[in-house]
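Take a look at the structures listed below.
Shared chain: subunit A. Partners: subunit B in the first complex, subunit C in the second.
Let's look at the complex of A and B:
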């Protein structure tokens, strides 16, 4: 698998420059083309670093763009096209990973973080209402510290 | 010789940092004044030594000394001088050297201007700074020596990646690093406070300016990177949720939270433990950001493993710094007692809500950025986490905060009242609804998210302006009274107003550019015309040319609107001599309504036809202007008298004169 990736990467780099979507690829039907663009934005160019096939110049991305359009012209629904690409390249091509066991933490994580943060905040206010803000009583400033603080504060009043 | 001198001073700097990181710390524990005082000369000497090392590397790049490996790999004689210099930090080794240089500059600044700091706190802060430095020196000297020689020297160098040969990207890394390293000061202060066992308002007054300065640089650095992507990559994108971008965005989110919680510590003597923890988190994310980008771990876990020495060192360093500081926090943090009480609905409560959202957002971005790596590392298979994921998670987290941002400044400290605050926002709310409906009627068929984001921007903008109007008693006092209040407003208050206003402007830009970009891709022959976003682009053909170290093709478009000439656009396509790598230089004509953006691609056939891409990117300039307003607000707040480093000493001597300027 890894060697295969390296090979493709080498080919992609050796290949001449080709900008992202080219005029020759664009479908005549604007509605179909619009759907193709939307689908392309969610599919990863597997030989690039975090680029969608819509943005990428790589040959493989171009092939995938053409493939997506071929399927659309053949009458596939958006989901059919994505499923087809996934069946050939694996779920790695999906920039928005599907919810399943391996990605459960990824999808549930942010919600858990939000809830944990809200709970921590609620606990903080509950503790504060009970009057204990951290246990020990604040220690008084030493004379030297008091003088320095006064010097700092005095400057503020101007 | 000069490269060896640089190598040698780097080793000396390591020893200086070892002394600085140990003796003053022991001195502070044992109340030994002379040992504590050692922190100052060592910090200054460390800075001078690194500065010499940095100059040596710069010399090697400027004179194209191809006996130095780093110069061979990243420079070429045909490169313009500015990119020879930016090549110094345009690579792994050199960027680390820049990092420690900035670290030592900041350390020396504390040593020289920190006269009003308690001696034990100052000694501990400088010691912690030096510990970070020791880690970096060891990393450089053991695994990434920028001064390594090569024999025999090649005839010429391999050149710098053409994408990096650009003014925007030449200054992007130094800006980012000023931000990352600025947060190291907040970190050092936090660790020193944990060792001392106390945090007070004076502490917060020292931490805030460093955090604010770091935040300004980081904001500018991120914007510079985004701007570069916008004009250089050639399809008008400006944010991709790329791991490299996330690496700088996470410290920004945490740093923004820190900025707000430090305000609470300073004014209300509470949230101390949390602020210390935020300082640790922010710097940890900065460190992670530095290494994520530089270690190659992002390309793949395999690339990381190809150079195990570096990878293992980075992991150990991260574990020591992050694990060690969190352990210290767990041990000493509970001793940081707070006295200021406040209700959930209050200014403190609003600032805490900001903290909640910003840290949650940072955590979500961290999760999405590292998840593919972690999953792969534990053998869970390969998964891609791209923009659709981040947009789906990040936007819902941020929306409540932007809504609250307009309300928060109206709440009183300690105990606020929501209803009066909301009633003062009546006008802002009405304007928002009107603007939302107007946007809806114009762009009803467009994405709903764009309309919603636009309304949000209007809400935040008008809410912030309402607060400003209330502060100067506009229309409620005579106009000259309002004007007087306007002029007398503290600069830190301006910082808040401009910071929030800048974000509102930037959100409007993001909404426009994100939702209503018009794109047109076609083959054009000379004389062809195409209409994009109401503008007519007439293609006049393309010519070949030659730049300093590249050959180019530049096309010419005459752009008109309703028959009137608007602009002449000359996009370029460059091929660099050394690497043969092509780059696009988009031609952009900026207006307040949007950018006219043209790119020229490959030739088609033999009759002078070219692939052209033409975009209308609405409101893009608002993003850059908004960011500038934010940075300007931060800088203005930094000049507030209270924040001026060393200001309390003003009457006592020359050091303060230097600090005040």
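Let's look at the complex of A and C:
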């Protein structure tokens, strides 16, 4: 049973998502093709918005993939290609938003919240410890209390 | 006092976020910003579609007049809805309309469609590989761009044009652009 599970998991990992890139689109130069794939993975398909153009079967995504490759062949740098697509569709097409003033909350927000939570936790525990030991000193037991305690301890021992 | 404020803080943060997200949810994610607004039309030179003897359609044809550039395709259902209005608009002579026939799989499909239903376009270019469509930042057909006399893109309408949108949005923009050019 366990062996089957391992096999299924291994297949699921090895298989990955089906490729949308058609063989006819692939560039002869493997280095350029690799760059094209990397760029395509970072660009959002504007038709089916939660896929990259590398994953999407939409016709517009296909045309964008071809455009990326044509520009690379023409000698554009990776940044040039991305900048061109952004200049047409806006920063929305970048699946990984760039770090700048408008997106600072997006990037830094979670870290700030975690830090704030840690600080609050630290403050809470420190206060609790101080409450247990420091602050009001426990007063000594009265004679009555001592007698009751002795009785209880004796009970326990028997 | 200070302590009570601390208890209210998470609620306040939550409310601010909730309002933020509520506003975000009302926005249509399909409406991308018009990146070309205020910029010259991207350079393109498209071949004519079959059956039209003109020279096709190029970005250099645009300066000189206020005009509309309409991206359409015979495969596009919304374009079929839009088409009668474009015919009406062309007949009224209100503004020249140019067409970009986008992504026809069959090169005859676009020309046949225009032959059957009527052709509202002054110039039509064939864009089977989305060259011009991507340059314009088009995400779906139909989209219509208002181009001013200097060949600068001034407005983009996503989706079919109709009487109401023309009257309330597009025509006022065109009137303003014409007045600008006259003064």
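In the analysis below, the second predicted complex is superposed on the first by the 110 of 158 C-alpha atoms of A that agree within 3 Å, B and C clash if a C-alpha of one lies under 4 Å from a C-alpha of the other, contacts with A are read in each partner's own complex, and residues count from 1 in each chain.
One rule holds in what follows: a contact is a pair of C-beta atoms (placed from the backbone, for glycine too) under 8 Å apart; a residue touches a chain by one contact, two chains touch by 3 or more.
Just so you know, these numbers come straight off a predicted model, no measurement behind them.
**Q** With both complexes overlaid on chain A, does A:67 touch subunit B (first), subunit C (second), both or neither?
**A** In the superposition, A:67 touches subunit C alone.
**Q** According to the stated criteria, A:49 is in contact with first (subunit B), second (subunit C), both, or neither; which is it?
**A** both
**Q** May I ask you to decide whether A:87 touches subunit B, subunit C, both, or neither, giving the answer as first, second, both or neither?
**A** Only subunit C is touched by A:87; subunit B is not.
**Q** When both complexes are superposed, which of subunit B and subunit C contacts more residues belonging to subunit A?
**A** B
**Q** Could you tell me if A:59 is touching subunit B, subunit C, both of them or neither one (first, second, both, neither)?
**A** In the superposed model, A:59 contacts subunit C only, not subunit B.
**Q** With both complexes overlaid on chain A, does A:118 touch subunit B (first), subunit C (second), both or neither?
**A** After superposing on A, A:118 lies in contact with subunit B but is clear of subunit C.
**Q** Look at A:95 in the shared chain and tell me whether it touches subunit B only, subunit C only, both, or neither; answer first, second, both or neither.
**A** Touch status of A:95: first partner only.
**Q** Touching A:106 in the superposition: subunit B (first), subunit C (second), both, neither?
**A** First partner only, subunit B.
**Q** Across the two complexes, what residues of subunit A are contacted by subunit B and by subunit C?
**A** 49, 90, 92.
**Q** Show which residues of subunit A lie in contact with subunit B when the two form their complex.
**A** Touching subunit B: residues 2, 17-23, 26, 41-42, 44, 49-52, 55, 90-97, 102-103, 105-106, 109-110, 113-114, 117-118, 121, 125, 128, 133-139, 141, 145, 148-149, 151-156, 158 of subunit A.
**Q** Applying the document's contact rule, which stretches of subunit B touch subunit A when the two form their complex?
**A** Checking each residue of subunit B against subunit A gives 116, 118, 198, 200-202, 205, 234-235, 237, 240-243, 270, 273, 298-299, 302, 334-339, 341-344, 352, 356, 359-360, 363-364, 367-368, 371, 375, 380-389, 392-393, 397, 521-523, 582, 584, 599, 601-602, 604, 611, 613, 641-642, 647-648, 650.
**Q** Across the complex, what residues on subunit C touch subunit A?
**A** 29-30, 32-33, 35-36, 42, 103, 129-131, 133-137, 139-140
**Q** Note which residues of subunit A are touching subunit C in the complex, please.
**A** 46-47, 49, 59-60, 63-64, 66-67, 85, 87-90, 92
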